[in-house]
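Each structure below appears as structure tokens.
In what follows, subunit A forms one complex with subunit B and a second complex with subunit C.
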Partner chain A sequence: MKIAYEISHLLAGIMLVASFALLYQQRVGAVINAFAAQSITLALAVAWAAWSEHRPDLFITAAIAFGLKGVVIPLALRRTVERLGIHREVEKVVGVGVALVVGLALIGLSQALVVKVTQRTMGLGRDELALALAIVLLGFLMMIVRRNAVTQVVGFMSMENGLILAATGARGMPLVVEVSVAFSVLIALFVFAVFVFRIRERFDTIDIEALDRMRGDRR
Partner chain B sequence: MTRDLIVQFLAQGAQMFLVLLLAPLAVGVTRRVKARLTRRQGAPLIQGYLDIAKLLRKESVLAESASWLFRTAPYLIFALTWVAAALVPSFASGLMFNWAADVVALVALLGAARALLALAGMDVGTSFGGIGSSREMMIATLAEPAMMLIVLTLAIAAGTTRLAGVADHFIAEPLAVRVSLALSLGALVIVALAENARIPVDNPVTHLELTMVHEAMVLEYSGRHLALIEAASMLKLTLYLSLLICLFAPFGMAPASAGLVGWTVGLVAWTAKLLLGAALLGVWEVSIAKMRVFRLPDFVGVAFVFAFIAILLAYLSGGDIG
Partner chain C sequence: MIAAYQAVVLVPYGAAVMLAALPGYRVGAAVNVIASAATFAAGLWLLVSPQLVGDYAIVDEFNVVFVAINTLVGFTTALFSASYIGHEIETGRLSPAFLRFYHAMFQAMMGSMNLALIANNIGLMWVGLELATLITVVMVGLYRTPQAIEAAWKYFILASVGISLAFFGTILIYLAGQPILGEGVPSMTWSLLQAAAAQMDPAILDLAFIFLLIGYGTKVGLAPLHAWLPDAHAEGPTPISAVLSGLLLNVALYALLRFKMLLAGQPAALDPGPIMIVMGLVSLVFAAFMLYQRRDIKRFFAYSSIEHMGLMVFAFGMGGPLANFAGLLHMAMHSLTKSSIFFAVGHVAQAKGTQRFAEIRGLSVTHPRLAVAFALAVLAIAGLPPFGVFASEFLILTTTFARQPWLALLPAFGLLVGFGALLLRLQDTIFGEPVGPAHRVDASSVPMVLHLMLVLTAGLYLPPMLVGWFRRAAELLG
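Here is the complex of A and B:
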């Protein structure tokens, strides 16, 4: 029991570190790699939960996480990046240091929230819930601090990784919901991809600040 | 009773000279591994000893503008680093002065040595010395808070900041995977790389003036002063390897009550782990490129982030590190 919990906790911790890697990395390729690593870790975490808690349906979740988010989506993003020719683009609203500090604050916030809400009732699952919440919040942060549309897609997907982790830990999400979420994420990817190309065609850049200008917002 | 005291005293003394003796060998192993991996023959393993012996024989040349600080700093730096290195438990945890081997004290000793080195770098008034000192301080302002957070995480886990106590705690505990300890390990490795001026932070083998940090500060030293500075930096590397071993892989270390046999086992285990660590450092250094100076705050900042997450997780689990 103890060792099962420790391994799942370790995997969740690795996912959290991968979230920080997303914030830390400068290049688009490295961001996609970090995202793939996070998704594969998610697949491992879910598979471990399935094996140690004898819930075979979770193996499907793990397979979806591995196949779609660990392999297909990173490859698709990579191709998009290649076709757009934006390997080295670094466009951020704030610097790496500020983003990391805000990320730390978010972890603190999620810990405090989970402790407050659960009032020490959930036992071992609590830590994992806090970690999952932190991953979701870091995905949000990623979408806020990056101006490149491709990295925003990655932020969105990473947020979804956090959701799946929370669902696994909390013994909640039924398989139907699971599958439909996975496919809606895939569809979201296509929509994003189409949008990214359209944005570039129209504005010659995928820096989303161009959209603000078009709306008439002034910075 | 008296005889017991003498044995304890001798063991502590043996540890002091052990770190001093093995430090150049550890550096030699790192250099040798690096050389072999880049298909060079490499210097003999004992090159570190030969270098120091040569420097000790050479005349020491002082700049005209050098003050007393410049002349006394090497001795103080060497003494402070040696004391710090000798305090880290190596082959046994319950040596005579183990009560003094507190991590906070260790950080303070190293901090004092660093302050002296930075002052000495600026003393002569060359521009390189100043650059080196300012960069060293920039790295230190990021590495030291991370180090203190790591200390606090371990203190939550083991209930003490005494190194011997932490080592005893982890030897007694069953082997387990713990997120906050893994994160502390990552943070401590980054801090160790930064503090020892190893590759992603600083390149220890070049004198390429625009990128050097540590070498820029000691550029004006020669002869026995340089020998002491070199010996101190070797000791510092041994200290950090020893610290990593003591905190995260203390198995084999002799417990407080062990006799001669326990000490021998501990000694063999520690030496093997130390040399393995030095070899791993060599592999790491050939597989990564040095970073730009202005990327360094981000890199060392990662250590701070890791340490911070670790302590939050440790705090959440309330002592029972999860």
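Here is the complex of A and C:
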């Protein structure tokens, strides 16, 4: 039983490292790769939970995470990037150093919070919850420090990865919710893709800085 | 044979599929109205059908009130939309293909909101609210102007962050319920969670509520998290603004109140009341001041929605049967009045061909009847008697005054500031020197007049049956 937890912690830890990788990548292509790596690790973590806890329904979640977020979405994003011709560097609001320090602080915060709050009720699963919260917050951070529409999409989906990890860690959470999360990511991608193209169409850039000038009140 | 609670979800979803397949926008608009009427009938049927606590659905006095308002405003908005949207084709802002998409999405949105309202499962409720949000995001971007894309993008980013945090809160609630109710669906079921609340770990409930408050609070449009709201209202089609203000904000508030009820069941957990009072007051006063700087008419009334949502959250934060009653009444009155205002704004925008205050002047000269209706609607939302909004605002202020005299000063101050802004704008738009073009208005004024009459009636006389519903719902809220 112990080894099962060790492995799931290891996988959750790798996901967290991937979240950090997302923060410091310089090129859009590398960001997408890091996201794909994180999603595949998520699929492994969910599959491991399915096997070790005898919850076969989780294999479906794992398959969705692998197929959709590990393969299809990264490929679609790469195609988008190629068609839009934005291989260049990622625009950032703050420097890499600052982002990493803030990221570390967020991890400390989520560890302290979750461990303190859940010490009476939950067993070993609470570490995984803390890691999941850290991944969610880092995704949040990424959406804040990046200006490019595509990298904001990735930040959002990395946040969703953290949510699915948390849902998996919560033992016995009904499958219906996880499937709908996956479904929502699909819709989200659709919506994002549509907007990314439209933003490009209207502004000749997907730097969302351009959008800020379009505030209705300043017309 | 399906039950009423199934019908309010299945009819709109069925209609959405049908509308997606139907070519021709006139047929689509007609089907949209018929489906909304059927949903409204189902909503009324739900009011008289017995209470129910199922595995996935719940029907109690609290949510039937919400469903009734939802289906009523959905129906009148569909009526308005049918007469309004043809104009958008004529002016070339929308193509028939987009209109087909619009009608299908309208029904899907209504179905998702009703799903969120009757779900007896915190996960299902989240799914309903998220679907409704994503659909409104697409609707806001429907015109594809740079401004509309900016508004939709901002809405999407803020709403999805909010909804992700709410999901994390949902997981935490599940974790709090799991040791008592066991693994699986029972630990996500409202009715069971509610019954087991006293045994839950207060620390997890506290943390969960913070996430849920930020998550769903974003969708209610509470002050630090409101940034999406004015843009989304201003740039989307007017019927969608009406539905956003009148309904979607309510559904998010409903979710928040359900979780507040859950926390009330565990005395050791934090009391959501003071947090909600503070957030409500901040939204109210902030939005009231922001009203003065708005130059766009839809943006202006979007800030007014933030103001009123703040007042409701304040009332529910005060708690107790009377304040809850007043909050629910205010919610109903605000939904009806604000949607009628957006209908009127739709008329005004058609008449003047703009949404800018500077170019909307002298309506009493060019469109006298519209001017009267618009003025009445604005006076109603400003809280003047004899309209229903006056009754609910008065009730909120007096019950606060009876319990915390000093605290009552703040909402009263905020409402007065907002009142001033409303009158100032009203005077310019109604009187003033007419400028710019004056087109004929094609849209139907029936929904607008109907809403105003309902609000007026509620202000003069509340039927005992209605009072009974609100009172029982208020008692459930605790």
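Couple of notes before you dig in:
Here is the rule we go by: the second predicted complex is superposed on the first by the 212 of 219 C-alpha atoms of A that agree within 3 Å, B and C clash if a C-alpha of one lies under 4 Å from a C-alpha of the other, contacts with A are read in each partner's own complex, and residues count from 1 in each chain.
Basically, a residue touches a chain if its C-beta (ideal position, glycine included) is under 8 Å from a C-beta of that chain, and two chains touch if they have at least 3 such contacts.
Since the model is a prediction, treat every value here as computed from it, not as a measurement.
In this superposed model built on subunit A, subunit B and subunit C occupy separate space and fit side by side. Of the two partner chains placed around the shared chain by superposition, neither subunit B nor subunit C is touched by A:Pro74.
Of the two partner chains placed by superposition, only subunit B is touched by A:Glu6; subunit C is not. By the touch criterion stated above, A:Leu16 is placed in contact with subunit B alone, subunit C being left untouched.
In the overlay built on the shared chain, the residue A:Asp127 is in contact with subunit B alone; subunit C does not reach it.
In the superposition on chain A, A:Met143 contacts subunit C only, with no contact to subunit B.
For the combined model, the angle formed at the CA centre of subunit A by lines to the CA centres of subunit B and subunit C equals 150 degrees after rounding to the nearest 10. Shared-chain residue A:Leu100: touches subunit B; no touch with subunit C. In the superposition on chain A, A:Met159 makes contact with subunit C only, not with subunit B. Note on subunit A: of its two partners subunit C and subunit B, the one contacting more of its residues is C.
Put simply, the nearest alpha carbons of subunit B and subunit C end up 18 Å apart when the two models share chain A.
Interface residues of subunit C, counted against subunit A in their complex, comprise 123-124, 126-127, 130-131, 134, 137-138, 141, 144, 146-147, 149-154, 156-157, 160-161, 164-165, 167-168, 170-171, 174-176, 178-179, 182-185, 187-188, 201, 203-204, 206-207, 231, 234-235, 293-296, 299, 356. Contacts from subunit A toward subunit B in the complex involve residues 2-3, 6-7, 9-10, 12-13, 16-17, 20, 24, 96-97, 100, 103-104, 107-108, 111, 115, 126-127, 130. The part of subunit A that touches subunit C in the complex is made up of residues 113-114, 116-118, 120-122, 129, 133, 136, 140, 143, 149, 152, 156, 159-160, 163, 166-167, 170-174, 176-177, 180-181, 184, 187-188, 191-192, 194-195, 198-199, 202-203, 208, 211-212, 214-217, 219. Residues 176-180, 182-183, 297-298, 301-302, 305-306, 308-309, 312-313, 315-317, 322 of subunit B are the ones touching subunit A in the complex.
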